Amino acid sequence: MELVNEIHLLEVFKLTITNGYEQSDREEKLDIINLNELEAQAKAIIPQGGFGYISGGSEDEWTLRENTNAFEHAQIVPRALTDMDNPETDTTVFGLNLKTPIMMAPTAAQGLAHAKGEVDTAKGVAAAGALMAQSTYSSTSIADTAAAGNGAPQFFQLYMSKDWDFNNHLLDQAKAAGVKAIILTVDATIDGYREADLRNKFQFPIPMANLTEYSEGDGAGKGIAEIYAAAAQKISAADVKRIADYTDLPVIVKGIESPEDALFAIGAGAKGIYVSNHGGRQLNGGPASFDVLADVAKAVDHRVPIIFDSGVRRGSHVFKALASGADLVAMGRPVIYGLALGGAQGVQSVFEELNGELKIDMQLAGTKTIEDVKKAKLLHIHY
Amino acid sequence: MELVNEIHLLEVFKLTITNGYEQSDREEKLDIINLNELEAQAKAIIPQGGFGYISGGSEDEWTLRENTNAFEHAQIVPRALTDMDNPETDTTVFGLNLKTPIMMAPTAAQGLAHAKGEVDTAKGVAAAGALMAQSTYSSTSIADTAAAGNGAPQFFQLYMSKDWDFNNHLLDQAKAAGVKAIILTVDATIDGYREADLRNKFQFPIPMANLTEYSEGDGAGKGIAEIYAAAAQKISAADVKRIADYTDLPVIVKGIESPEDALFAIGAGAKGIYVSNHGGRQLNGGPASFDVLADVAKAVDHRVPIIFDSGVRRGSHVFKALASGADLVAMGRPVIYGLALGGAQGVQSVFEELNGELKIDMQLAGTKTIEDVKKAKLLHIHY
Amino acid sequence: MELVNEIHLLEVFKLTITNGYEQSDREEKLDIINLNELEAQAKAIIPQGGFGYISGGSEDEWTLRENTNAFEHAQIVPRALTDMDNPETDTTVFGLNLKTPIMMAPTAAQGLAHAKGEVDTAKGVAAAGALMAQSTYSSTSIADTAAAGNGAPQFFQLYMSKDWDFNNHLLDQAKAAGVKAIILTVDATIDGYREADLRNKFQFPIPMANLTEYSEGDGAGKGIAEIYAAAAQKISAADVKRIADYTDLPVIVKGIESPEDALFAIGAGAKGIYVSNHGGRQLNGGPASFDVLADVAKAVDHRVPIIFDSGVRRGSHVFKALASGADLVAMGRPVIYGLALGGAQGVQSVFEELNGELKIDMQLAGTKTIEDVKKAKLLHIHY
Amino acid sequence: MELVNEIHLLEVFKLTITNGYEQSDREEKLDIINLNELEAQAKAIIPQGGFGYISGGSEDEWTLRENTNAFEHAQIVPRALTDMDNPETDTTVFGLNLKTPIMMAPTAAQGLAHAKGEVDTAKGVAAAGALMAQSTYSSTSIADTAAAGNGAPQFFQLYMSKDWDFNNHLLDQAKAAGVKAIILTVDATIDGYREADLRNKFQFPIPMANLTEYSEGDGAGKGIAEIYAAAAQKISAADVKRIADYTDLPVIVKGIESPEDALFAIGAGAKGIYVSNHGGRQLNGGPASFDVLADVAKAVDHRVPIIFDSGVRRGSHVFKALASGADLVAMGRPVIYGLALGGAQGVQSVFEELNGELKIDMQLAGTKTIEDVKKAKLLHIHY
């Protein structure tokens, strides 16, 4: 890790480094044994403000903690005499053929972790054969991130603005970049109460490329702060349809935590349901995301695919989420830590480690394919 | 914080400072991130005996701890596509228009925390647009505290004495001061077994204005200790009616922890039910107050409003209490800590912080108004 | 505390002090706030081997710990508008008028804690108006302990020997001493696996008076070890009848932990059921004693009185046990600690402290009498 | 403990000591109070890599920990007036008369703990009157281990290879050595994700005799690694029958954790069901083994005997497993620690300690025989 060369970055990414924020520029494979260990390692190289933003949850972080603890609420049954070997993690979802059901969650401001930001993440995700999701608030632009994916599939996540010109601009770019679906985030109509950011008096030291670009293009000198303030608090069923109509792409609604809302979103035109509590970053005091997944999946009843995230750290978590109704399982923080520690190769290492753990679990649970995992029965012994 | 100037205080509040007790005289806004942090800060400036009295619970403090832990027994459902923004915390209860459903719990002897005691609390509460409740055992007089509220609504809490002349004297004063309701505390017919006070051999170093005044007025040299001893242990249904008849004010019965008693109190004439276990200060080994709220509310069935307290520290706690049947949610200790740390402005900061957290939770839970919060369904996943 | 004067003790109590064991000879009132604190204080003055014997449980001490934790499985409902004061702890059980439902559990070898052993305990218990139970393995003789009680009621606990001459000898003495009932312990047919004693290679340094006396009387030089070895492992229903017939006293069966055994014991002639797991000293891995009390009481259905012990440390524990079906609630270890720390006065202090806590709980729970407590409904919220 | 004399070992056991691995050569009785304490003692004398292999579990070791914690989910009922003494642990299972229901679990590579490896274990187990199970991956040969048992019964555990010549070779040897049954392990078709081994970059420093022998015998220079790679991942119902037909011995299927698989295995010809999660070494995130035992036993319904392992450390655990449907209860790690600390005598001490604890529990639970234990009813109070 070195001090970022501002000139260089400005040339390549049009980023301005403010506040002397130090970005990692590591590029190397990681020797990972346990994804949980990455957090401490990443903390050592990511500046405090950025680390607080990435790692923190809201309020007392109860929901953040329970997100991971909740996987203990279900147990995988080891199976015997199954006459199988070489489990396969390939899966087809949203018409996409993927090497793994583990995908990259849309995650903002990855320049906080690494100088190359989402570009490196997209590379690493593609190398792992996984699905990438870009965030509206990416440090790198839609086009650059898409190009880094080298043909691998990507989704684009939209933080809806009150300014539909801006929304349309983003959607135009995403469509032009060839993304396969739009993820509309609906659980962040206001920021969660994240104490780490308050304590650090955190301000983004790295510009967000999509906003910078639009702001510059606007010519009227519209500042980033102004655009932020324009983020929509009101998001309605009509917005799902509007985005779908405008893009002609499937819209996945992200931030669903109840059967009722899953059905409502589908009724509004959602072509995918993304069960998530935003990694415990939004409403603290809500349930662990895993604890509501099975009920949501039962209500959805295979009408549309389900993406799940929040708290996933082990292969067994992925297995349990799939067996509880998820079609894809997304990760955020561990990938960002891998990005900080090893750039694109670090990202790839994180995906390969988790997928490797998943394969062991699949073999021991007697499940040859991801479809088999989805049909596996879990126990629910209370510990 | 400085040593209190005894002369000054005696002049202004007719208080005698005994035992060299040091009172805070801070007056400043507080930069609060988390109400839980106030306790340690307040501990550093409140003398040990006073802090033990304020913070302590009874016996092993199991009920005290569970009061706050119990909020984890319910979870708020984050809602999606709700088409709302700008949640509003205004509410109308007991015919009063309030800016927030968070109110000040009646809390004794606030001179322990700050030289201006309840006068400053009343100012801060009024500035926050909240409802103030005075305690019989206030450090400042009913009239002074009422005047400090500057027209904002207040309730008066009665610790009933065996001496009905004294009760009537207090009620006369409260009525003259314009309080809107009488809160009759029924869960403190004897002091809880508070070990901190025993260890500190705690004696009130600050006179209680209402008692001092009556004692002086009596002329017969009746001492404060004598009045204390006269506190009624026997409180009956007839007392509710007697107080209501005497004052022509609504009587709220405070210290209800069961559906049976809620119905009994309403039958006795109560115009409000105050669900509380006195912040874990009375009967240790009783349930967390939040754990009985929903059952009490179901029995009350909107016949009268419900006030709730005990263990509230976060916006999500307020939300969960409202969604479990409370109409108003009261706080005690955190406000007293805010009073110690910042006087009237500190009190205001505490209310604004908690109300701000509540607003975030309301937005994320898709609840525009307090009435919406009351109708929100909670989950009850066991963790 | 001083080194025990062997000559003196041999003269007065016919005890031999072996291994240089140091006995407390304190005689003073204790200023107790919380019985749990006595253990550490007592540990500081009781020699390690004796302390391990007194305080220890079996195996990993899970049952020992859960005995006390289990009281959290039930919650007392604070009651309102009860129109009562001055709760009274007097109770009549087994035809005896007692000042308190808290009694002394039969506890062996109290000379380990204090030079005067059971004689001091009996004095303290009598001063507190409570019921005393002597253990077969007392450090002082039946007659001496009885005399120390000064007319207050006592029970005698029998560890049955294979040698019925010895059993009859003990029962003769007990009857001559005027005890009101025989407690037949049936849960100690073999010693629990107490690791503290194994680690300390503990051997009783203080003779047990009843055994010494019989051994001497026997003339044949029968050693104490021999008598121990003669303790009966086989105890049957017929033994209950045999003891009842021999003594014409009520026989209480101690060590019942299931409804089945309670009914079986009553069928065998038991006039009282003593629910206990021997304070977690016998079968580790068995349930907390409080957790089986209600079911046992339901089966017993008031046919005979129920004594309860194991884990009682607070007034709220006594309340919960009474409300779950106990007629008397016994304490062991805390009294022994009080004995070590203050002799007879220390014992009295322990009883008075616990009874004082009970009275506070009774007032706050709206229960005027012990009969009211027995009828109080508990909550069973799982924490 | 000394540095192993390589020459000596090569002569006697044909082992090569690699990497300077230090093996214990202790031979002494152990003074054991609590099997849990052996782990720390053994850790002090077993090299880090070997200790990690022996003690470790998979992933975050949740299942490893819960294996032991789960025994708290059931409670033994202490019984009264049972008219019994001298409980007996003799039992007859699989037609074998055993002194104890506690058996040795098949455990690999015991040379990691002691220079004499399984030979010493077999001696100690035989001296305790218990049943020995050899592992395919033993450090000593089938014949040597069998001979050390001195006529006491042994089972042989098979890790099936893709190479049926090797399987048949092992089965031939086992049959020639007189083993009474074949244990077919089916829960290790791939290694669990054991982080300790990954951190230690663990490689077996001690050859496995059965593999060495076959490899040498093969003449083609087939290396051990090659044989490992040949371990079968696919194990099917047909394999049970094939092994049974080939050996004419009862085949016990090890690694069953569900009623479904137990019935499937019996349908496939299994003459015994071995409930185990491999001591938490295979699928982390699966249930504690004890938590599934009762349901498996109910399904098996006495068609065939049940062996149980995973987490057993106390006599009360053995009791609870028997009372939940096990006919034999196996131990692994504690015996290996005893082996390291005391060789054959250490092994014997471990069995005697646990059997001694079991006897105490039997007496206190009123169970004279192992058949009585099996019929004992457990409580299931949730703690």
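The letters A, B, C and D name the chains in turn, as written, and every chain counts its residues from 1.
In the analysis below, contacts are C-beta pairs under 8 Å (C-beta built on N, C-alpha and C of every residue); 3 or more make two chains touch, one makes a residue touch a chain.
Just so it is clear, the structure is predicted and the values come from calculations on it, not from any experiment.
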Checklist entry - If you average the Cα atoms per chain, which one ends up farthest from chain A? => result C
Checklist outcome for this item: Residue numbers at the chain A-chain B contact, same meaning over half shared and different meaning under half, come out as different
Item to check | Interchain centroid distance [CA atoms averaged], chain B/chain D, Å | outcome: 62
Item to check | Whole-Å gap between the CA centroids of chain B and chain C | outcome: 44
Checklist entry - Can you list the chain D residues in contact with two or more other chains? => result 382
Checklist entry - Connecting every touching chain pair, does the picture come out as line, ring, star, complete or other? => result ring
Next on the checklist: Strictly by the criterion at the top, what is the full list of touching chain pairs?
Outcome noted: A-B, A-D, B-C, C-D
Next on the checklist: Applying the document's contact rule, which stretches of chain B touch chain A when the two form their complex?
Outcome noted: 33-34, 36, 71-72, 75-86, 314-317, 319-320, 357, 360-361, 363-365, 379, 381-383
Checklist outcome for this item: The chain C residues in contact with chain D across the complex are 59-60, 62, 66, 69, 186-187, 189-193, 195, 198-199, 233-237, 239-240, 253, 255-258, 261, 264-265, 268, 277, 282-288, 291-292, 382
